[in-house]
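Step one of this worksheet: look at the structure below.
Think of it as A, B, C, D, E and F in the order they're written, each chain with its own count starting at 1.
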Amino acid sequence: MSDDAYERGMEVRREVLGDEHVDKAIGSTTELTADFQSFITRYAWGEIWARPGLDRKTRSCITLTALVALNRQEELEMHVRAALRNGLTPDEIREVLLHCAVYCGVPAANAAFAIAKRVLEDDS
Amino acid sequence: MSDDAYERGMEVRREVLGDEHVDKAIGSTTELTADFQSFITRYAWGEIWARPGLDRKTRSCITLTALVALNRQEELEMHVRAALRNGLTPDEIREVLLHCAVYCGVPAANAAFAIAKRVLEDDS
Amino acid sequence: MSDDAYERGMEVRREVLGDEHVDKAIGSTTELTADFQSFITRYAWGEIWARPGLDRKTRSCITLTALVALNRQEELEMHVRAALRNGLTPDEIREVLLHCAVYCGVPAANAAFAIAKRVLEDDS
Amino acid sequence: MSDDAYERGMEVRREVLGDEHVDKAIGSTTELTADFQSFITRYAWGEIWARPGLDRKTRSCITLTALVALNRQEELEMHVRAALRNGLTPDEIREVLLHCAVYCGVPAANAAFAIAKRVLEDDS
Amino acid sequence: MSDDAYERGMEVRREVLGDEHVDKAIGSTTELTADFQSFITRYAWGEIWARPGLDRKTRSCITLTALVALNRQEELEMHVRAALRNGLTPDEIREVLLHCAVYCGVPAANAAFAIAKRVLEDDS
Amino acid sequence: MSDDAYERGMEVRREVLGDEHVDKAIGSTTELTADFQSFITRYAWGEIWARPGLDRKTRSCITLTALVALNRQEELEMHVRAALRNGLTPDEIREVLLHCAVYCGVPAANAAFAIAKRVLEDDS
């Protein structure tokens, strides 16, 4: 039924997260996680990230903010890398996190800066 | 000490939230809330919103996302209006909320769509 | 593409939330909310609620808990009604909320009991 | 079994929240909420609020902060009143909320100031 | 006063979390944590988990959901083990987490699947 | 413009967090984090912690509570140390966490006790 959504989702997911990350996620899929992997590929990536209404830089800003607000630190690390891939500069990532300090509180931003520092220094 | 931050903050705050909203906030300031009003004008508006590193449309996307994630509904209503003022179209606001559905959960997006619908139908 | 998910989702959604509620949600759909309505029908209802791996009483317990933990009060009201429709007794709903008091904190449970009281007294 | 905790809890609860509030809570207890009412009287009030290790002013500061952070607005209103009863001045309540602005974010403090303003102006 | 609650609580706690876990928790109790250990044994376990109104499989579903929603990862690991002990199958745990993806957001479910994968692969 | 706030903030920050911690934070500042470091020194420390309206012991109680409620564990560790420096005894820290158990839920307090135990046993 939703083969199109899966294929489109996998394509967008690879563009945003990188082949290495996606290959690893798929390679470690088990019976426990297979339906979830299919579900997020089709819905998060094939339905939402694939929509044309916002560019990917803006979608990265939204994603980073949600992860800072919700305190999802592993996922935040992955999406700092994705943000670079989507064209955000380190300076723009800094601006997103500073903006989050006001809305989500200083500890949320502090934890996010620690993660971003680790990722951006590894990558530069 | 920080008169510059206050003046710059008040200017940005008026541009983003509108004179009517800001005049009302200032007019209802009391001894209890005066220091907080000064603090947010300098801190949120004079320091962060005033920074040149991201355009205001992007700052609105970030702000909306934080408010959806943190379930701050009154503030979300105010910032849907601010988003329009900052140049986001209703279609772009819809995209922000759809993106939030994936990251913050469906109930968060559902509540946000109800608020956005009320604001955008009143304003159009 | 995913007509099956939509039809299956609409069927489950009607069974769980009731025709009156769903008719009202669909009747008030606008350009702003149409894609979100389609998305949740396919995604939340057609994909997840439709899965056979847990009975609907258990899915209602999970849903109520998530809404209590996440402080989504309008949605909680709707899902207290849905829980009755799915076969939970008022006594079982009380047990879910008591259990939540320990894990989510007393204020979360207190707000939830106020909502459940209103719904269950209206319905009995 | 735990009659002592119940009696001690009811005494502390009345001192902190006031007879009027507690009489109303007890008077509106139903089969749905009776066990929860007993539970919070013994657990929150008889066990924790009754402990001698912190004075009640400090316990009010802690309680207000938790409610601001967790976005529990009805309960916050009740505990602004309780804070006055426990001896916090409006100026001290303002300080708690300003401190929360930094740690919980500006929207959390903004909503809390709106509630405190309503309560403190009604009561003065 | 509440010796009964303590004994009943310790019995239920051992049945749900296992002797090894509980022995370790008790063995590492210090002056700092003794009252908290007593408190949770009597209230969380002796009062709430001990109630007959919901079976333990359902209580595990509720507990897992609360921990996913609240992002309490260490505790989630412990309660995935407890869920197995309470009779949930890995397939049912998967269903709980998929259901949470919709209500709590995809990152919450993603972190939870990583934890569940680790626990369920260690245990099988 | 805000040199005074920066200097006052740095002084308070050093008194509360200790020279060793602050020297390390400053020494590891990079282009990415410099503006955030300046921002929190001036606002969190120079504006809020420096206010005379609450003593530092009370500000530590508020800070600990916010961090428990918001699940910010690294920051909580730092502020358990700061609480000792501000004059809270281990017994008072225990009381804060017990109080949080009721309002923020048992898992929040459980994680916080694990952190406090580690810090307080290292320090005694």
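Convention: contacts are C-beta pairs under 8 Å (C-beta built on N, C-alpha and C of every residue); 3 or more make two chains touch, one makes a residue touch a chain.
Computed from a prediction, not measured in an experiment: that's the story for all the values here.
Of all chains in the assembly, those touching chain A and also chain D are B, C, E, F.
Both chain D and chain E derive from one sequence, and where they touch, over half of the residue numbers involved are common to the two copies. At the far end from chain B, in terms of centres built from Cα atoms, lies E. Listed candidates were D-E, C-E or A-D; the one reproducing the B-F interface, defined as more than half of contact pairs identical by residue number, is D-E. By number of C-beta pairs in contact, D-F leads over the other of D-F and A-E. When every chain is reduced to the mean of its CA atoms, the largest separation from chain C belongs to F. After Cα superposition, the angle needed to carry chain E onto chain F is 120 degrees, rounded to a multiple of 5. Distance between chain centres (mean CA atoms), chain B to chain D: 30 Å.
One simple way to say how far apart two chains are is to compare their mean CA positions; for chain A and chain B this gives 24 Å.
Counting partner chains per residue, chain F has residues 39, 43-44, 66-67, 70-71, 94, 98, 101-108 touching two or more of them. Taken pairwise by the contact criterion, the protein chains are fully connected, each one touching every other.
Contact residues of chain C toward chain E in the complex are 43-44, 48-49, 51, 53-54, 58-59, 61-63, 65-70, 91-92, 94-96, 98-104.
In the complex of the two chains, the chain D residues touching chain C come out as 30-33, 35-36, 39-40, 43-44, 66-67, 70-72, 74-75. Residues 1-5, 39, 43, 47 of chain C touch chain A in their complex. Considering their complex, residues 102-108 of chain A touch chain D.
Partner chain C is touched in their complex by these residues of chain B: 71, 90, 93-94, 97-98, 101, 105-111, 113-114, 116-117, 120-121.
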